[in-house]
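For reference, the structure is listed below as structure tokens.
Labels for the chains are A, B, C and D, by order of writing; each one numbers its residues from 1.
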Amino acid sequence: MTDDFEPLETFLQEAIDEYHEFLSWLGTTVETVESERMVLSVPYDEKLTNRHPHANGTPDIHGGVAATLIDTAGGLVLRTALEDPLSGSIATINLTVNYLRPATGDLRASAEVVRAGSSIGVAEVSVESTTPDDGPKTVATGQGAYRIFREE
Amino acid sequence: MTDDFEPLETFLQEAIDEYHEFLSWLGTTVETVESERMVLSVPYDEKLTNRHPHANGTPDIHGGVAATLIDTAGGLVLRTALEDPLSGSIATINLTVNYLRPATGDLRASAEVVRAGSSIGVAEVSVESTTPDDGPKTVATGQGAYRIFREE
Amino acid sequence: MTDDFEPLETFLQEAIDEYHEFLSWLGTTVETVESERMVLSVPYDEKLTNRHPHANGTPDIHGGVAATLIDTAGGLVLRTALEDPLSGSIATINLTVNYLRPATGDLRASAEVVRAGSSIGVAEVSVESTTPDDGPKTVATGQGAYRIFREE
Amino acid sequence: MTDDFEPLETFLQEAIDEYHEFLSWLGTTVETVESERMVLSVPYDEKLTNRHPHANGTPDIHGGVAATLIDTAGGLVLRTALEDPLSGSIATINLTVNYLRPATGDLRASAEVVRAGSSIGVAEVSVESTTPDDGPKTVATGQGAYRIFREE
């Protein structure tokens, strides 16, 4: 396993920008990549919103955007636990999200490897944002189970 | 409780088109609304895709889009069980999605009320699409738990 | 794939009685086994209860028992989709349960195969029981994702 | 909110021993209670096992026991965030468990409050045990969403 995650960070941001149209439209940025940890962010944008404005005048982001970020960050962070993080592929088996508060600012998803087995991986991800009443807070937390296809 | 869900169908499509920027950008259409059942769809579009093309040349839709549809359809279908489906509000507590196959066509989410209690509701939603090898199939299935705020 | 599930039914009940101490203590019975469907039951017993009695005098069963049944029935039903239902093994990856009502009677878990892929399977299970106010109702519903180890 | 959780610890252990027949039969012990954290344990016992012995001769504990502990610890830990931890009641809405490894020793569930809102709470729980190959490890991790009924 590697200790240098800069190639992975570059690889992931390029993949998002070039191939992953949905993530790229959301404005997904790979913030940091470390051993078994990764942070992805999506900037607040009215195009991501879901509802009438809150009392503070800001409509909140659709829960599907947080779900997308949790799914994505949880899968990508498992790459940091692979022999070669740039090879192989990962597919979501199950995604669970608990919604905690409305999100009215940039989303920041912090993912952590819980276990990376030979064929199955589990990650935990929490998403922070500005909230209408509380300032920056955790707005959603979730776990994902993934199928890991390692290259031989 | 009402038997006529046409006002709700119109109300939801208008709400999506006018207020729900994210759902509206996805192209979300309210297909049918019945007692305790609802179908929403999102047309296939390259902007929703996630990956390199499959052998059949079609890149598949990001799992976050199915998660968004399951979350949305599961919450909206609970309105059909309210005294007045056009009033009150519904917020997602928990969303679970099991991913079954890659989706390479239009998404069609069929939601069903499992229980609509006084303050908590549960819905089950399955999403069909074209798949690279199999033709039309269920590509994802999930359940959502929601907080129901009834208007008194 | 077979059409005759009697050998599987006998095999599972014997396995529960002889090897699965926990399921056997719960009183787990294999009620029916069909193609892609299975029903397991656990009889009501005070030893399974969780709380002060309801108004009707009956304490309700701990949610962990329904979770155990959903986990078990969801895994076992996937065997009906294997080439040889008596071989191979199955391990739970993820279990999700939505609790709907208190259970104050026998539990009856109906499991259905959602998908049985080459290495991953998904099942959906709902549990019925008597409830304090409502008579027989669905008390919990859930989904499980499983790792399938097929014998070659 | 209180800082002294000894009365809650005593209250919970007594409630388990006197009213919660299932938890008491499992041998559930309240290990520690702190602000927003709690540890429950269940000792290894053959009566909780599920399967043929592993190579090391020890059969593993049924996943339903870990699910029961996660459900229970996640609900009880929310009491530490209540004005009066000994009043009110808590009911599970949704439980999600990701299974990581077979458990062949005592189970120890560490629960943490993620959010305790006015009517909904979310907790995260991970369960450690001995495993057949690895020594003490996390064997399961999960999240629960709960309905909080506060006493006025």
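Brief remarks follow.
Keep this in mind: a residue touches a chain if its C-beta (ideal position, glycine included) is under 8 Å from a C-beta of that chain, and two chains touch if they have at least 3 such contacts.
All of these numbers come straight from a predicted model, not from anything done at the bench.
Taking each chain's centre as the mean of its CA atoms, A is the chain most distant from chain C.
The chain pair with more C-beta contacts between its two chains, of A-B and A-D, is A-B.
Inter-chain centre distance (chain B to chain D, centres taken as mean C-alpha positions): 33 Å.
Between chain A and chain B, the centres computed from C-alpha atoms are 21 Å apart.
Remark: chain A and chain D have CA centroids separated by 28 Å (rounded to whole angstrom). The residues of chain B that reach two or more other chains are 93-94, 96, 98, 145, listed in rising order. Interface residues of chain A, counted against chain D in their complex, comprise 94, 96, 98, 100-101, 114-115, 117, 122, 124, 138, 141-143, 145.
Chain A makes touch with chain B in their complex at residues 19-23, 25, 46-52, 59, 61-65, 67-69, 71-72, 91-99. Residue ranges on chain D touching chain B, taken from their complex, read 93-94, 96, 119-120, 145, 147.
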